[in-house]
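The two complexes that follow have chain A in common; it is paired with chain B in the first and with chain C in the second.
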Partner chain A sequence: MPLMQKSPRTHFRLLTALLLTLSVIAAACGGSDPSTTEASTEIDQAAADDYSDFKVVMILDGSAEDGGWNTTHLRSGRKVEANFPGIDFSFVEEIEPGQPATNAFQDAVDAGANLVIGTTFYQFDMIDVAAENPDVYFLTWSGFEPQPNVGHFSQASEDGRYMDGIVAGSLTKSNIIGYPVGFSFEEVNRALNAFTLGVREVNPDAEVRAVYLNTWFDPAIEQQAAEALANAGADVIAHEVGSQVYATVMAQNDGYVIGYTNDWSDFEPEAWASSLLFDWSTYYIEQIDAILAGEFEAGMSYGGLKEGWIEFAPYGPDVTQETLDLIDERVAGILDGTFDMFAGPIKDNQGNIVVAEGETIAFGDRSACCQWLVEGIVGEIPAG
Partner chain B sequence: MNDSVVILSIASAIVASTPILFAALGEIITNRSGVMNLGIEGMMLMGAVIGFWAGNTTGSLIVAIIIGGLGGVALALIHAVLAVTLRVDQTVSGLSLVIVGSGFSSFIGTSGEPSLLSARNGVDVTPLFPSALRDLPAIGPILFGHDLVVYLGVIAVITATYVLNRTAVGLALRAVGEDPASADAAGISVTKMRYIATAIGGFGAGAGGAYLTVAIVGTWQNGLTAGIGWIAVALVILAGWRPWLALIGALAFGGLNGLGFTLQLAQVNVPSDFLKMMPFIAAYLVVIAVSASPNRARRLAAPAALAQPYSREAR
Partner chain C sequence: MRNRLRVMPRGVTGPEVRFGVPLGALAFALLLGAIILAFAGNDPIEAYRTMFDSSLNGWKAQSRTLALATPLILTGLAAAVAFQMRVYNIGGEGQLYLGAIGASWVGLALPASTPTPLMLSAMLIVGALAGACWALLAAIPKAYFNADEIITTLMLNFIALSLMNWLIFGSRSFWRDPRRPVPGGKRLPESAIMPSISGRLHIGIIIAIVAAIFLWWLLRKTSWGFQIRTIGDSPRAARYAGMSVRRKTMAVLALSGALAAIAGVSEVSGVTKGLEPIALTSNIGFTGIIVAVVARSNPLGVVPVSIFLAAIATSGSRLQSIGIDVEVVFLLQGLIFLTVTAGEFFVTNTVSLAHPDTSATGSPPTSEIKAAI
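Take a look at the complex of A and B:
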């Protein structure tokens, strides 16, 4: 990510102006929050194309500039924009699940959206809006409640996570890899398991230490978790939905960081290792094509490498050619069906066989996995 | 030995406690003059974003802390005008400050192209002492391993204790907070004292916020402080408005999150929500103890005129 490019003078002027405005804002509205909802609407008026009647609104749960989950969704949205000339694409950011999300979905419908895309677990927030507006289509991340005008989607992050695990397993010297995550549920456990299977393929002595933060995005908490991991000897940190704080802490401790749909190769180049990247545009574009053709099908879509939903950020300078070759082999194996990371026997970290010899977890069943942590993970699924 | 989890965790906790210490120390000064400012969280956020910007622009930790402190002062002066001059309800004004500070800091953080959200930390935080001292077994990382600002926090505690208890200015400040009418009669300007004390409180919160972004987290995100300001509010009550007790309390609470993760890694699962409750439960217990005991603990009670606007005519 680029450094600040403006001259100090420009910044000073900006700041002075802001400080002057502060008193006005404070006097005028006292208790109101000027920035909780920032809508940015970009309508391409120039192209009077076939698609100019089609309005897409994307609802992001965090900042579009988080450099991770939401940035990836917005980038995919931009690809949609490029694919359908003239399409009316806009987004709203920092919409928390709950009443704010319900309002955002309703606002999008009121603004004339033909398709509303929700990028996090908005299932319960949008369900009534979708039921009341059968002519509008909705795509929402995860979720399960079937509705004729709603598509659910979830990513097979294990396809990318396995490769990140190979990188981590080959880079660690202390054989301790940290993995802070927000909460424990199937998608998180599945990704953590795939990551650990990748680690253990190249380094059976390494252990992955899971830490649960009880928050999705809180850099101050993440910093303390990363520091606790570094203090405990971790020299590689991977994570799920976190900030670049992990990169900063690992850079300070001469370790490596693995992103979760983050590209921090420019941010801390020395500490950078790898990251899967999600590309949701394939799915979005397919769905819009289907809607326009009148062939929309509701239900869950699940996609990984084969479906074109996953790609990789540039690998870090310390990732060896040997590692890259193995990754290429595994990616090719997933694409042609010759490699199956969940092929048994697989033990959980309590010593129980969870996938027996000769069995596997079929691709279609994976989204229901896992309520166990694989051997090699130090940590327990938190109670409750 | 200096690689042991215990020593490294204590060192991490000392750094993590510094923002809380600065904020609590500032609030103690403000409170001792009779002004209650509940807007610490908002002032910290202002300091955090402006300090991060200043650190990026200048590359200097101290400049970042000072500019961040001034960001806190800007908000604190709004509170001073409302609470001291206009005699608005101080709770309402303080709470509004949290909302204004959180919104305005997010606004600053997202304006500009590229915005501060994607900016990397421009400040290289270096330890104050030479490696000979830092490598001493055990006490090296704990006592000598930190940057200048951590030690400034300790100096600020000593200075605040001395000024409050041993100088004429400190006496005047306390007089204004205990009995503004008598202080006024003695020729002390209540308004001036309260403005200065509120500004110092803002500076402490802003500097603490700036230290958080520049020296600890190294990045800016909306709402970054995530409740640290409220811990500082609880800590002031818990410390009975005594700077040195605030130092001890900050050390205890600053390390709470880190402690939770260290325990998790040691396979001891303490729910993190339970740890997060600790400062507030402790503050409750102290408040109950103070109000239940007849005299000795009274000395740890709030300044008598806390949150009471002073009007000469209203006597």
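Take a look at the complex of A and C:
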């Protein structure tokens, strides 16, 4: 997508290819393995099952091995595969939005797919294909244009980000937490707000410094942002999308990093704090069940902890038991409805009351939130 | 033993060389690709049949290839016209964004009831003007202060990208659709959409091919074009002959910017149907530079090179779906394009081995490459 995105990804791809090759060689040298025989019996059983007529194609915009967004989607897809024995699940990766994406959706339909899952901003790349193929079902992340055979989905990141905020607030000693993000829009602001509310629950003196990078993925710019935040005294950095540079910079500065939908606890383990993980498989499985039962419902689905769309990576070594207990309490509170992070009063960082005492932002309305940043965030939504 | 590789120009060649060499190069590329595919555990025959089916076999596949080639032809022409004068416009990417911004502004600002021909003409004119003005930001410093246009046009790409991102992500601009959960552009009205020829192939392809013919005529058949090529060959001689290098520099860069911008108009009107930064930033402008270099800046050469490139690229997802790794797909696509384009060298030149003692005889070679063999 952005201009400078290609080369780091390519390097990563080459490295992955090399590692894969080496692992294949290693596996080949290892001789026969009991797990291979196990796998083949599984396939034999699956072939006899009902779901082999159902074809699912997932379309990914980056590498399935990116360790983040696309890996998460593929992981969810693999759970679908496990849930419906014999289902014909496949994916195509590195499909750029625009004409290549439209062609990939068309190819999936031509290959006989019953369900095509688009995992990024493909709304208008797939809209015509969906209209021309009313018998095929589509699920598209961040979509919104109503079509009878299309489901849209978006995750309630705030349910996970609040817990990440509790971790950050309890770990910081300087009371400065960095939060570089790509662009400012509702979903990003909502996650940033939830994070900061979590931080301020355990540490009302801490501030969160939001930095808008205007790129989705650019390790060079991210490196500069991470170093600038570290120099400004930040000892915890949380980020959205992005690369592993934050972990490296925080490890060099004895700080902590909070990831974004990836378990990088093995990478710079001393600096690792936490990360929410998305799991869309519950949504995918529900939708496939509905299609098979002839009860597919088009439209928007929004899910968080309660819906099983949010999970957590292992917490880092320096996260205390006290913090973990509080997180358990808050998670339980969200699940049974006794805890509401957006319960008023909430002030924005300009001093205005945005959620009044006794009010809240209903779960169903959250996907349209927020065009404001809560108290405690240093940074502004770009004006316009 | 040190031998020499002797490179000699072929001089006048017949169709057997003009078409035989590229076909030979293609066969060589397919052979190399087959070896790689076999090593990766894939069936080369199945892979090549899939590539052919998805890009060239039948009108449906052909129209899809042409749709993908449309913006490449235009950005390829943009680069080619500048290269003819040895002006290096690396800014096609940014000029394309400006064309998209300008065209979508017209499409959204004019009443939706505007007749399509009028609407599309206005979008093309405003889009092309926006791209031309953007290119002039580099052309004027080049003409008056000899500022290096490679640097300025390249840098302007990033500014154009930031501008487009700001319009959609950074502000509540006229272009942005406020009801979208993830920011994007407002949808263009039906009257601002380029009519379809077949499936997703739209009339942008006609605009692109007409532009190629017009540019060929301009460069080859008019005195203006002759002057451009003369300046490209020798600016000092051109100045001595009384040609205004300064004005031509600005005119050529403006024309180049306008062509790249029309690619943006075509994409925004025929494909994305709104200002969509995520879909528009797919390096079409940069790819145009490759197209122009391979086509040796010949406007009529840009068309087949773009179609060839599009034909290779369009098979990506089909190849993956028959079980070929994405890395192998990219490797295969790159290999075929590189080998066939490198083969062009042998259309105009012959290469032979010669011993040092015999190399003195015969007609003088254009260049001699020492190779330890």
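Everything below uses one rule, namely that the second predicted complex is superposed on the first by the 335 of 384 C-alpha atoms of A that agree within 3 Å, B and C clash if a C-alpha of one lies under 4 Å from a C-alpha of the other, contacts with A are read in each partner's own complex, and residues count from 1 in each chain.
We take it that contacts are C-beta pairs under 8 Å (C-beta built on N, C-alpha and C of every residue); 3 or more make two chains touch, one makes a residue touch a chain.
As the structure is a computational prediction, the values presented were derived from the model and not from experiment.
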Chain B versus chain C as contact partner of A:F185, first or second or both or neither: second
First (chain B), second (chain C), both or neither touched by A:E94: both
Per-residue contact with chain A, leading partner among chain C and chain B: B
First (chain B), second (chain C), both or neither touched by A:S243: first
Touched partner set for A:A111, first chain B, second chain C, both or neither: second
Which of chain B and chain C A:V202 touches, first, second, both or neither: neither
Touching partner for A:F217 - first (chain B), second (chain C), both, neither: first
Partner chain in contact with A:I166 - chain B first, chain C second, else both or neither: neither
First, second, both or neither for A:I361, with chain B first and chain C second: neither
Touching partner for A:S154 - first (chain B), second (chain C), both, neither: second
Chain A residues contacted in one complex by chain B, in the other by chain C: 1-3, 6, 14, 63, 94, 214, 382
Contact footprint of chain B on chain A as seen in their complex: 1-6, 8, 11, 14-15, 18-19, 22-23, 25-26, 30-36, 38, 63, 65-67, 94, 180, 209, 211-215, 217-221, 223-225, 227-233, 243-245, 248, 267-268, 378-380, 382
Touch list for chain A against partner chain C, complex: 1-3, 6, 13-14, 16-17, 57, 59, 63, 90, 92-104, 106-108, 111, 121, 123-125, 128, 142, 144, 154, 183-187, 214, 367-368, 382-384
Contacting residues of chain C [partner chain A, same complex]: 54, 64, 67-68, 93, 157-158, 161-162, 165-166, 169-173, 179-184, 200, 267, 271-274, 276, 278-283, 313-314, 316-318, 320-321, 325-327, 330
Parts of chain B lying in touch with chain A, wherever the complex brings them together: 3, 5, 8-9, 12, 16, 50, 53, 56-58, 74-75, 78, 95-96, 99-100, 102-104, 106-108, 110-112, 114-122, 212, 216-219, 221-222, 224-226, 228, 257-258, 261-262, 264-265, 267, 269, 271-273
